[in-house]
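Each structure below is given as structure tokens.
Common to both upcoming complexes is chain A, partnered first by chain B, then by chain C.
Coming up: the complex of A and B.
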């Protein structure tokens, strides 16, 4: 088994996909770092040399002013209200949620890339794991060996798992290493609040507690990894079902982007919460943001994703072991 | 040689990946444990408050602005409002850095402001201030122009009493927080002075201003700044299209008036 996985890893490395992905991340991170840097600089210029409390307070009053406008959408109002009470809570507990530093950048970066960017990167790796073997014809060679079919597929799946871990790790390392040049490498022990629960447009704070930033980041990366695994599994299933890599990519791309769009407009269509792509934003539950549809929680989203993932896994294995290869 | 290299990379990547998998699984487990267990020590939070610095910054003049849409700058094309123009004027007069903290909220009434003043961060900023400017009362009296329909004396008197008692509390609170900074309370003008009922409305606003000034006089270093006269003639030139808030020119007038009252060397002495 180990040899099979080794073999698959070797194929992955041969294809140079992992390097491409690392290059993509290494290219994007400086871009975002620069954007973040500009934003901070801009804020400093506008507000003078002030401490963060004043800035945060300013933001709170700005939001309050926006809330008092009558032309604001209900959706957006709810979002603003929740963010407002959260900011107020941070302020009252004397915690700066955005003190600049490489760990903070890391955190903001993964929170923003969990629902689209990282799944896309995973998709690039996984999409042709199986389908390239069928379209290239090498699958016959692979299956003539005296190994059970499910073991072959499992070795591919494990290779996928390893490469997803590798991608998530390189996101962590690269975003920390590169942004640290600008923001400094400190800030791991900064306290952050988590455990907010959203009910309607109220923000419940009874479970709120402080965690150090390094734990917060580790938790968020755990969730990121989970999301990537689910997206990976679904892509893997499509890769088994379809011969054409382009079709796999097309379907995954469409559903991921549809998820991003849906999340912004499904609030009144409640059953949409059972789609996997609406549930990808797991980190929002940790940081306490408004959910796209009422009644969604971390447990709910993780279960929905798990169901999709397990279904995808089973379909992939059953089809692969029963299919006629010619 | 190349094959060896490849093998080497393969091992490294594999080992790193396995380690990463363990790490992420651990993170995921920790998330579950952290987010789904409920008995958390929330009490730990409370101790952290009140450690903020309230020291005044040397060399900078901190203007703390609070109140309603006038302080916010509604109607000004640049969005600066009188506080923005005030800062600009003061910058011409002095080399000091000027720090403007604007916590005004559109539609704020005296009651809302009193509530806002209970927030710890607002209090902290009030303590830091060298100069406090505020507008309040416009929404108590006019309620977005609604009061104009109802010129009944009793109704207006009732509102006035509530307002005056709130303002008194606001003054007391501000004085308690910051005994030194001069408070400039910018008074009301009559946005309806070119309308048919102007005699009645003007007299209401005048009386309102008078009573507020009387209240202000009961405290040290509170200046009630009149604006009624600024807008008395040609009010239409100084109002925004909503016929209620000042426009850029109107705000500049207010700013000039306030700026002329602020002295630099001895801020403790009122003009």
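Coming up: the complex of A and C.
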């Protein structure tokens, strides 16, 4: 099996796809770093010459005032307390929450690329994994060797798994390495709030707690990897079903973009939440953004994605081992 | 023939979308023989070969390679098989060497030393480290064969191996195939739609048309029945008269006469013509076209 996976990795490397992906990331990261840098400058200007410590101190006082009011709900009080400790931590440790370091940039970058950019990159790698063998005719040699068909497909799937892990890792390394030049490399321990849940229109704060940024980032990268694997599996299935790589890319591209559009408009079409493409934005649950459709939660989205992924995996393997190759 | 057959195909049928494409094909290959699979375009040669190599599953029938059933003992059967189905398609973005290493790694029983053996066998030493996309068709064909021979198979299956090769390439391929059968005791199944090719390369031949084997016989037998002699002589009418006494004569195009090919009697016939004062200008044997052969084998049913 290791030999088979090695073969697949060799073919992937020779096709130069991975290099292209790295180049794309290495090109985009400086672009976004610059954008982020501009935005921070902009904010600074708006605040005038005021020192960020003064602003933060004002915010702390404001929170303390609200806490001392007797009419607030228990739950809200708890949330404010957590917020307060976060703000105090910033002040005590001399962290400017609005001047991010490389870890913060990294986090923002993956939060924004989880639903479209990264799935697209994954698609570029996976789309022709099987279909290129069918259209190139090499599948006839591959499947007339003394190796069972499912093992051949599994070796391709494992090669996909390795490539996706590699992509996610390079996003992490490149975004940290490049943005650090501008923002500095510190900030791993900055406390962040997480644990928001949504019920109806309300953002529930009862489970909110503070985690250090490194842990937060680890969590988000885990989710990113998960999303990429699901998108990869579905692309993989299409690649098995279709001979034409262009068709595979077309279908995946259409679904991903449809997902991005749907996420903005389907709040009233409830069953749309069972589409895999509106569930890609898993990091939103961590940061507590509103969900596109009511009743969606991290667990829900992950399960929907898992069902799609498992179905795709089964369809791919069953058709591949039974199909007639013409 | 006490040995187990290298390849055994029995009652093979295939239905695609309700259409019966292969209708009960049977044949066997003994070790060391080159077997021709002769039929016009669309006869079902490639479809049959795809079933033998396990790319498509037969609707019914059994296939055994080296005694192993392709359906139930797939990996064991494939160990004994090397094949090129239709075109020799390898990875164009890899070098010839990398392509071979790729397929060597797929079978743990092939030692790495085997690579140099097969490369030498097909004579690709000089270009083996170039990318396959820079290869000519003939070189690809040879690399394809090198790949097929990697696992020291008992059976080699080549679908139209001379397709697209120039006359020198065709000749080289032919000799190579004969040599493999002779020296390595390999059984080779070669498909073609050219009788002349099969005649020069094969020991036995199966004629296939519309998905059924019409006849399986040794090439010598088939040709003995079917070979013709073309005569060009003057005066033609006299020649015809004399030959008619000896054998069946038909008139061919361009003032020629056609008789059966009968080697022992041919000098006699010639002598009689000469004695009668006929000037024999040309006397040559001619293979029947595939079409003639089909007409003969099917008793008049035409191919379409």
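Going forward, the second predicted complex is superposed on the first by the 275 of 326 C-alpha atoms of A that agree within 3 Å, B and C clash if a C-alpha of one lies under 4 Å from a C-alpha of the other, contacts with A are read in each partner's own complex, and residues count from 1 in each chain.
Rule of thumb we're sticking to: a contact is a pair of C-beta atoms (placed from the backbone, for glycine too) under 8 Å apart; a residue touches a chain by one contact, two chains touch by 3 or more.
Quick caveat: nothing in here was measured; it's all calculated off a predicted structure.
Q: Regarding the shared-chain residue A:324, is it in contact with chain B (first), chain C (second), both, or neither?
A: second
Q: Which partner does A:194 contact after superposing on A: first (chain B), second (chain C), both, neither?
A: A:194 sits against chain B, while chain C stays out of touch.
Q: Under the stated touch criterion, name the partner, chain B or chain C, that contacts more residues in chain A.
A: Comparing chain B with chain C, the partner touching more chain A residues is B.
Q: If we overlay the two complexes on their shared chain A, which of chain B and chain C does A:10 touch? Say first, second, both or neither.
A: Both partners, chain B and chain C.
Q: Look at A:268 in the shared chain and tell me whether it touches chain B only, chain C only, both, or neither; answer first, second, both or neither.
A: It touches nothing on chain B or chain C.
Q: Which partner chains sit in contact with A:143 here, chain B, chain C, both or neither? Use first/second/both/neither.
A: Only chain C is touched by A:143; chain B is not.
Q: Can you pull the chain A residues that chain B and chain C both touch?
A: On chain A, the overlap between the chain B and chain C contacts is residues 6, 10.
Q: Of all residues in chain B, which touch chain A in the complex?
A: Chain B reaches chain A through residues 6, 9-10, 13-14, 16-18, 20-21, 23-31, 34-36, 38, 40-42, 44-45, 48-49, 51-52, 60, 72, 97-107, 119-122, 124-125.
Q: What residues on chain C touch chain A, complex-wise?
A: 50, 53-57, 74-76, 78-79, 81, 83, 85-87, 89-94, 98, 102-103, 105-108, 147, 151
Q: Mind pulling up the chain A residues that touch chain B in the complex?
A: Chain A reaches chain B through residues 6, 9-10, 13, 18, 48-50, 53-54, 56-58, 61, 64-65, 68-69, 88, 91-95, 161-163, 165-166, 168-169, 194-195, 206-211, 215, 218-226, 285-286, 298-299.
Q: For the complex, which residues does chain A have touching chain C?
A: For chain A paired with chain C, touching residues are 3-4, 6-7, 10-11, 14-15, 136-138, 140-148, 322, 324-326.
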